[in-house]
Structure formats: C-alpha cells, structure tokens
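Letters are used for the chains, namely A, B, C and D, taken in the order the chains are written, and counting of residues starts over at 1 for each.
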Amino acid sequence: MRASIFVFLCLAGVAHAADDSVIQYDCIPNYANWGGVTALYKQKSGVTVPPDPKGSSVAMAALEREKDAPRADCAYYSGAIGVAASQKGLHQPYKPTGWDKIPAGLKDKDGQWWTVHTGTIALVINTKALGAVPMPKTWDDLLKPEYKGKVTYDDPTWGGTGFTFVYGINALKGGSATNWKPGLEWLKKLDANISRYPRESIYNDVLRGEVAIWINADGNGYKMKWVDKGPVEVVVPKDGTVSMPLVMGMVKGAPHVAATKKYFDWLLSAEAQAEFAKSFFRPVVPGALPAELRDKFLPDAAYAGVKNLPLAEMATASEGLKKAWLAEIGKK
Amino acid sequence: MKRRRPLIIFGAVVALLLATFLLVPLVVVVVSAFSPSAALGVSSEQWAAGAGAGRAFRYVLATYGAHLRTSALLALLSASAALALGLPAGLSLGVAPRTRTAGALEILLTLPLAMPGLTVALALLTAYGAYAGDLGLLVLGHVLYTLPFTVRTVAAAARMSAIASALEAARTLGATRVQRARYLLLPSLRRAAQTSLLLALAVSFGEFNVTFLLATPAHGTFPTALYLTYTTNSFPVAAAATTIFLAGLVPLLAGALWLGGEPQQGA
Amino acid sequence: MAGGFVWPLARLCVAAFSRGTESHSGLYRLFADSYARRALGHSLALSLVVALASVAICLPAALSLARGRFVGRALLRGVFAIPLALSGVVVGFLAVAMLGNAGALPALLHTEWLRGTAYGLGGLGITYLYFEIPRATLTMEAALATVEDGLLEAARTLGARPRQLVWLVFWPLCAPALRAAFGVTFAASLGSFGVALIIAGRFPLLPVELYRSFTGTLDEPLGAAMALTLALLAIAVLWVSGRRAR
Amino acid sequence: MRIDFEHLTVEVSGHRALDDISGAFASGGVTAVIGPSGAGKSTLLRVLAGLIAPDAGRVRFDGADVTSLRPEERRLGVVFQDLRLFDFLSARDNVAFAPRVARVPASLQLERVDEALRLVRAGAFADRPARVLSGGERQRIAIARALAARPRALLLDEPFASLDAELRRSIREELREVVRALGVTAVVITHDRDDAFALASHFVVLSAGRIEQVGASNELYLHPATEYVATLLGEANLVAIDAREGDRVRVSGLVRSATGNGRRVLIRPEQLRVAGAATVTPTDGWAARVTDLRCSGAGWRVQLDAGSLGPLIAYVATPPAGENVWLVPPEEVHTV
C-alpha cells in the first residue's frame, strides 16, 4: 500500500512538473490537424499544448467568465468569433514573426487577432452512409425530402464553423448583417432534414458513417478522403459558398506570455503552416501549401463562387444572430 | 418454501440477462480496442502511432497520458483527504448517540450524492469560478463526492462493531487512550477504511461533472479525456481510452466489493 | 464543509434569483420560456419512464439476488456494480458503440432496424436504463434482503393462499424497497448529464440545456435556476420515497 | 381436535432434527413440548404447521392424514417465537388477517376480531400501527391474531421468549384462561419449565430429536423415566442406592418403598425435611451440614453436605437453627 502511494506520488509529481505548457482554448486534435501540429511543437520545443474540445463560441464564453483570472494563454476561433472576442476586450495585442506575410483583411491592425489558415464551407459527404441517394450539388438540393435525417451542421451557438455557415447562407440567400430573415427562412426549411446540431467535432462520426452529410470546412472532408481513405467526397455547392478564416489571439492576462509568443511565432513558420496543410486547411502564409497537396483539392473552378465575409460586421452581429437562430430553429 | 423456487429461478435468469446487457457493450468496446479495423474507422490520428493492435493505446497514452496522471493524482489526493476527514467524522457519527445534530450532519454530508452532479459542479463554479483549474478546487469537488462514502462506511462499521461499548469495556479494563486506539479502534475500522479508500478512489477516478466544468486543459482528468476521445477521436481510440479507464476502475471496484463495500451512485 | 458546499449552494441560489443581463430572474425565465419548460418536462417524463421501467425490470433480479442462493451470485452482483462507477459519458459512448448509425449491434445482427437507435428517444431510454438497472437492482436487493421469510410463513399459517400471500403480505413488504429504488433511479436520471451530453441529439433535456446556458450562452442566472430546480426535484423525490419507505 | 404424529423424521443437512418420533396431542388439552434448544421442538411445530414436509412419517388431525396439506389449509393458529406481526398493518388488521383471507363476511369478521381482541384485552391499542406497540402489546396481538383464525388447534412456539418476568407471568395466566375458556387444543413449545407447568397439564419431553418421556405434568415431575427428565423439570437430588429388594430400596442406611427401576433415587428438594438434631432419630434420617442458605422469596433454599451422599438441596419454609441438621427423605421414593 505504502509503496503504491509512493509510486502514485512520483507519477503525479511528473504530471505536475510539466509546467512549460501553453493553454489553447479550442484545440481539437482532429480539427485542422491540431493534434499533429501540437505534437510537432512538443517535439521541437518541449512545450505541451494540451487538447481542448471547446468550440469557438464556448472558448470565448469561457474567456469572458475567466476575465478576472485568466486560465488560457490563447484561443483559436473561426474568424468572426475571434474578432468578437477582440471586440469584447478579451485579447492583448501581439504581432508574431511573419506578420507581414498575412494578407490584408486577415489580420487586425493592432495585432488583436490574425489568421493562421483558411477553410471553405462545403458539403462533406460520406457516400456509403448516403447510400443510393444522389449526391447533392447545390444548397437547395439539401432541402429535398430524400435527405431527411442525413444532414448535419454544427450548432452555431457553440462552434465557429456552424456560425460561419449560418451567417454565410444568410448572405448567399440575400440577407445582410441586419436582415437575417432570408437565411433563417431557408434554415428552417433545412431543419426538416437535420439529424442533429452537434456541439463537438463530428469528424470521426462522418468518417465512420454515423453522419452522411456534414456542412463543414472543406479541409475536413479532404482529410477523410485522402489521409483516412474514407468513402468521403467534398462538394462545393454550385450556387456559391463562403470562406472561413481561422484566427488566433493572445488572451489578456495570459499566464504564460513568453511561451505563448514563441508558440505563435512558430505557428506562422513554414514548418507549422505545412503541418496545418496536411489536413487541407489552406495556409495563410502564401506559398506554404505543398504542391502535392494542392492537387488533392477540388480544381480552382469549383471555388470560383466563394465569397469572403466581412469579419467585423459578422462579429458585431454574432450575438444577435445566435439568439435568433436559437429562437427560430435551435429551440424549436 | 419450495413453491417460491420458480420465482427465484426466474429472477436469476432475469439477473443474468441484465448482467449480459450490462457486460456486452463493455466487452465489445474492449475487444474493438485491441483489434482496430478499418470498419471501425481507423483514423489519421493513429497512423502516426505506427501499426499493430496497440497503436490506439499508444496514441491514447501519448495524447492523454497527462490526463491519466492527473486523474490518478486527483483520485489519490481526494481519497486520502476524504479518508482523513471521514475517519474521525464517521467514527464520531457511528459512536455518538443518534441525536438531531448528528442526523443533520449525516444528511448534509450525503447531500452532494443526492444532488445532480451538475448542480454541485455549477455551485462550485459560481462560488469559486476564479479558481477554476486549480488542483485544490478539483480536490474539493471530489472530496464532496468521496466523503459521503468514507463517512458512511466508517460510521456503519463503527455501529456494527458496537465500538462504543467495546471502548467502555476497555476503559474498565485499564486500557489507556493510545492502547484503546491501537488495539480496538484501528483493527475494527481497518476494513472499513480500506473499503472506503478503494471506493473513494473509484468514485474520484470516474467522476466527470465536476472536472468537466471546473478543469482547464492544463488539469484535464481522464474522464474529460474520454469525452475528448468520444467527441473528437476515432472509434478505436475512444475504445482504447475506455479500456484503459476500465482497467483502472474495475480493480478498485472489485477490491471494494471484495472487502464488502458498494458504490451507491456514479457520477 | 460549510465553505466547501453550503456557501457554493447559497451562491447558486442567489444566482438563480438574479437577472443578469436579462429583464427577469433566471428562475422566472425557466418557467416562462417554453423551451426551458419543455426541457424540464422531457427530463421529468424520461426520468419517470426510466425509473418505472427499471424498477419493474429489476424486481425479479433483485429478489433473486437478495433471497436466492446460487452459484455465481457474488459475481453477478459484481457485474451490477460496474456501471455505477462509470461516468455518464462512458455510458453514452457505449450506446453509440452498440446502437449508433455505425454501431456494433446493427452490424453484428445484419439489421437496419436498430441502426441509429442510440440517438432516438428509445436509445435514450435504453441508455438511461443501462445506468439505472444496477442502481435499481442493488437498492431493491438491499431492501428485500431484510424482508423476513417468517412473515410469509405466519401469513400461511393464518390461511393466506398464494395469491393473497403476494398481495397482502409480500407486496406491502416490498413496497418500501420499490419506492426507494424508484426514488433513487428517478433522481439519478433527472441529474444524468454525461449520457445526455453524448447522445441526446435533438431532444432537449434539462441538464444539457443547463450546461449550454452556463457555458455556451453565458446565461448564468438561467443555468443556476435550472441547476437548482434539478437539485430540488431530485431531493424532493428522494426524500418522499425514502421517508415513505421508513 | 386431536393431533397424531407417526414416525416423523426430518433431516436437516445430514443431521436428524426429528428421529422417527410418534405421539399424540389430546383433543382440548394443553400439551407442552419441552426440551433444551436443539432438541427438535421447533422442527416438530413446523412439521405440524405444514411449514416443512417431514422426510418420513405422517401427521393426522382427528384421524385424517394432513401430511401433504399446505399450511394455509390446516386451519391452525400459530404464535411464533419472534411473533411475526405484520408491521405495515394496524394491530386490528393483524388480527383481522385470517378472517379476511378466509373471506369471512365483513360483519362476522368484525365480530370475530373484536372477540379475539377482547379475549387478550387488547382493545385499548387495537387501532395503533403494529410497529409502535410495546413488547407485551405485541404478544397479545400475536395471540389474538392466532385466535381470530378460529383455529382447530393453537401452536405456540416459545410464546413468551421476548417478555420480562413480570409480564411473562401475567400474559401466561391470561393465555391459560383464554385457552381454557375456548377449550381449544393447544401445543406449547418451550424450554422453560415454569411456562410448561403454568400452561400445560401434559408434557412431551424431547431430547436430540427423540421423545424422552410423555405424560401428565405431575407424573413426569415425580416419576421421570430418566435423569435427564428429572433434572429438566426441576432441581433434583439424585442419590445412589445401596441395595434393592423388590419394591424397597436402601439409601445410605435408610429403607424406603420405591417406584421406578433405576439405580439412583430422585428426591425433589421440597421432599426433603430438614430437622434439628433433637427431633429425629438417626434411623429416620441422615446427618448433614448446612453449607449455604439463601432466601428464595417464598421460602429458603438450603444447600447441604451429607457426607458420602454428596451435596443435597432442600426447600424449607423456615431456616434451620444450627449448622448441623438431620435430613428426612419421604417414605416413598422414585428411582431413575
């Protein structure tokens, strides 16, 4: 008994001594290859970045709750939510090495937030789970009754990808930051075919066939297809879609500022950017996408209809749109 | 007497069916953890861990090893704290006459078990949100859950062995305070202390609600790691993590059961 | 103890009555908002069904474990103890593993019929049962073990026929055990969070909505009101069933 | 109702709890089955009540074979050692249980219950829940419950085990009255000879699963067949005999007419007369020395050393004057 207690304490001591860590909210191993990126960083620097399942909105909510005693060093969001977090004053400025390579429009002038990579909202389809039903080609195809129970998009009040899609479909359907009606009307029709609104990454559910159609970042679909060799196809709807910059920022009052700055610097390095690219998120640093990976994306023509969304407006509208979505769809 | 036999046999068959219902999913999960096949959705996370049946386990230990260590530490700290507090508390409850104060204290102690775990976690978060992620707060949360087990087990043992009267008898025979503790108290409570320690370890090791809401990624526990694998990892990884969890939990439970205890409520 | 538990509870009560950024208190909104009410209703209905079902299903098993003497009885009891210490998320995962769209059971049995059951109402019920069966069985077993054979014998010598024996003696003797088991399973189902978190899908349940209010929409008053309501309901049910049982 | 049992054998895990015993309980009589714990008394009662089936042998009620009859069909009233009240019912509902399960019409039920309650003087607490009753009240209700069944016979298993001495005496007397008044056949299982003498006129003595002796209570007391029965039923002086001639025996010099056929003489303590040296001639008695003297309430219990006779006990009304006394045995003695 005494011996086992001793062993336990030793183990525990090891667990606790590893204090050279950076706490990142929203660090899902299987999203944008964060698992691979953090493992590589650990190998390079010895610094641990533990996994964290929070979606963008939850990460922001947690930062807000912990404002007076911050626990996290940094957070990763889909664009608008990260910008909203900056607007709430949850970030402190930092401009990591390589700042100038980030294209304009994908970073804050003061360094409150910046983009690390981008994705495109698309249909990720498990063809085996879809069965005999034909592949949808456009957004409106999804409203057809044959897709009943097969369509999924992330709860927009939880994660940023879901929010980007909801905002984006509103924009595509003719709405604006002040007029949500067209988007919500369309989403209400889609609701009839929705199996659930997941609050966590369902990457593996899609890969395994738990879910047939996932409205999500294209990169997740490519990874399923090329890396995990799943029966998965990516469809970029013909009637246009939106892009989604994924951003980061340093938490105001972060416990490990120096370590976090080093981490940020490294994330924009060619090495880290190429690691992100392994999961088919497009590096924000131009030219960092290796050629052999570029060929595995759909041809550029498929991406012709991709729109960029105004992040600042989206951020301002985010609370209102989330509430409206809850009232009209999520809580129906 | 003989007429009730059919009922007992029927009941035993039902119990057997229910036990099968309880066991089969665990067996399926454990088996699939050892035989990850493409059908179960082998995913990119594992390619890095190499080939073979153990790769899901290697991945889990590499990715969530810190969670496992945190859980072990947390279980050890909170179970020891619960034992340190619960031994005297349970002893005085068991030895003291059943007064109203004693009854109220016992109810207060067991209240955290009666409440939904989420309520307890939320109450802690509301009051001590500023300390979220501190190991101390996690230990406090776990002690709330483990203390009732130690207090109850020890109090029951104290009542059963009629310690109060034995102590009186020992005093009349001239035993000093130290001798009474050495020869009476410790031997009669030893089993209860062991049982409740094992139970407390099991309860703390498996507790989800409190750590899920109170832990930051820096001190994630293994149940939160399980949640992570369930929501973000592939099936074989989730199955491997569950297998590791069971491997930690089942021996504790078996030990406690063997010593005569019983977990009252999971988390 | 007071600082560790009573103070946080008091804070929770205060939070439930506070308004936050909304115009009404969390408690008011819990009962005014139809969605929150629905979540509460679902939670109550699901817990009721699960508690009744688990008591009914587990009664014969508990009887047999309490009063029978057969080989493997101790092992059987051990099996029943395992799920008690599993967190809800694990049980939720087991449900997905067995009854999900790509679950083991539909695959092994080559049937489409069971596919995806985990996410439906039936799956939710079965999964809750997985959690509550051990609880119900062991609670009833403990209570039934104290039922004396002697009373049944006495009734027989007084002329009670088998059916009368069941209704006039055995049933009244078992009733406290059943009530206690009902109370315990009801309260546990009501507060069960992990299972719901993993598989509740589109079915709003109070614990998940509570979590969502607190973590997602940052509505602390509403979350606190839900947490408090859950706790009060659970304690009330436990108290009534336990008191009547005495 | 007369109860006969023939060649009853019951084996409990390889041990014979009842070993081929036969006997009868007379109709309308009160019989005590007496013996130490483990003698098989309760087993006999459980066989009579139908709660266990004998491995061999028969039970007859008024000549009819009831061996295979189930307990609920035997129409007996059983009062158990641990009473076995239904604590979830009121006292009255406990008593009403048997009429109720027998589907006696409601008005008649009421009458029977009231009668039973009256017989045991339980009216005052009849409407309280059984679980709050005191020990004596519980005992009364248990008896009333058995009586309300209108049993063909009453079986009582150590009926006063849970009562203190005073309550035991008073309830015993009440039970005696009730049983007598009803004229019901009754069998009392007991290890306590006071209970047995107080209630029963007829004894069956059991030992190790076998019947040791059967007979009227006074008969067994004075003329036990074995030393075991002799000591079971009361304090006994057992003295070896010097010689035997027909129906006469010589005990330490004194010649007495004798019954029985044993090698020792039974002299009950109250049969020994303790006299001063002046009133007795040596040929009438034995010289003895008082070693202990204690008041037993009604009289005195004297412990004596009578030399080669060994220690003897005598009950006397007044304590002997000096330390040295004479002991005078009765004219007729019983040998065992």
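Just a few scattered comments:
Assume a residue touches a chain if its C-beta (ideal position, glycine included) is under 8 Å from a C-beta of that chain, and two chains touch if they have at least 3 such contacts.
Quantities reported herein were computed from a predicted structural model and do not represent experimental measurements.
Between the chains B-C lie more C-beta contact pairs than between any other two chains.
The chain with its Cα centroid farthest from the Cα centroid of chain D is A. If you average the Cα atoms of chain B and of chain C, the two centres end up 19 Å apart. Centroids built from CA atoms put chain D at 90 Å from chain A.
Chain centres here are Cα averages; for chain B and chain D they lie 57 Å apart. Centre-to-centre separation between chain A and chain B, using Cα means, comes to 36 Å.
Annotation for chain B: residues touching 2 or more other chains are 1, 41, 227, 231, 235.
Shown for chain D are the residues in touch with two or more other chains, namely 51.
Within chain A, residues 65, 208-209 each touch two or more of the remaining chains. Across the interface of their complex, chain B is touched by residues 5, 8-9, 11-12, 14-16, 18, 21, 23-25, 27-31, 35-36, 39, 48, 50-53, 65-66, 68-69, 71-72, 200-204, 207-209, 223, 227-230, 279 of chain A. Across the complex, chain C is touched by residues 1, 3-4, 7-12, 14-16, 18-19, 21-26, 28-29, 32, 39, 41, 108-109, 111-112, 114-120, 122-128, 140, 143-144, 202-203, 206-209, 213, 223, 226-227, 230-231, 235, 238-239, 242, 245, 249-250, 252-254, 257, 262-267 of chain B.
Those residues of chain C that touch chain B in the shared complex are 1, 4-9, 11-12, 15, 57-58, 60-65, 67-68, 70, 76-90, 92-98, 102, 104, 107, 130-131, 133-135, 137-138, 149, 162, 184, 187-188, 190-194, 197-198, 207, 210-211, 214-215, 220, 223-224, 227-228, 230-231, 234-235, 238.
Of all residues in chain A, those touching chain C in their complex are 57-58, 61-62, 64-65, 129, 157-158, 194-197, 199, 205, 208-211, 322, 326, 331.
Remark: chain B residues 38, 40-45, 47-48, 62-64, 66, 69-70, 72-73, 76, 129-133, 135, 216-218, 220, 227-228, 231-235 touch chain A in the complex.
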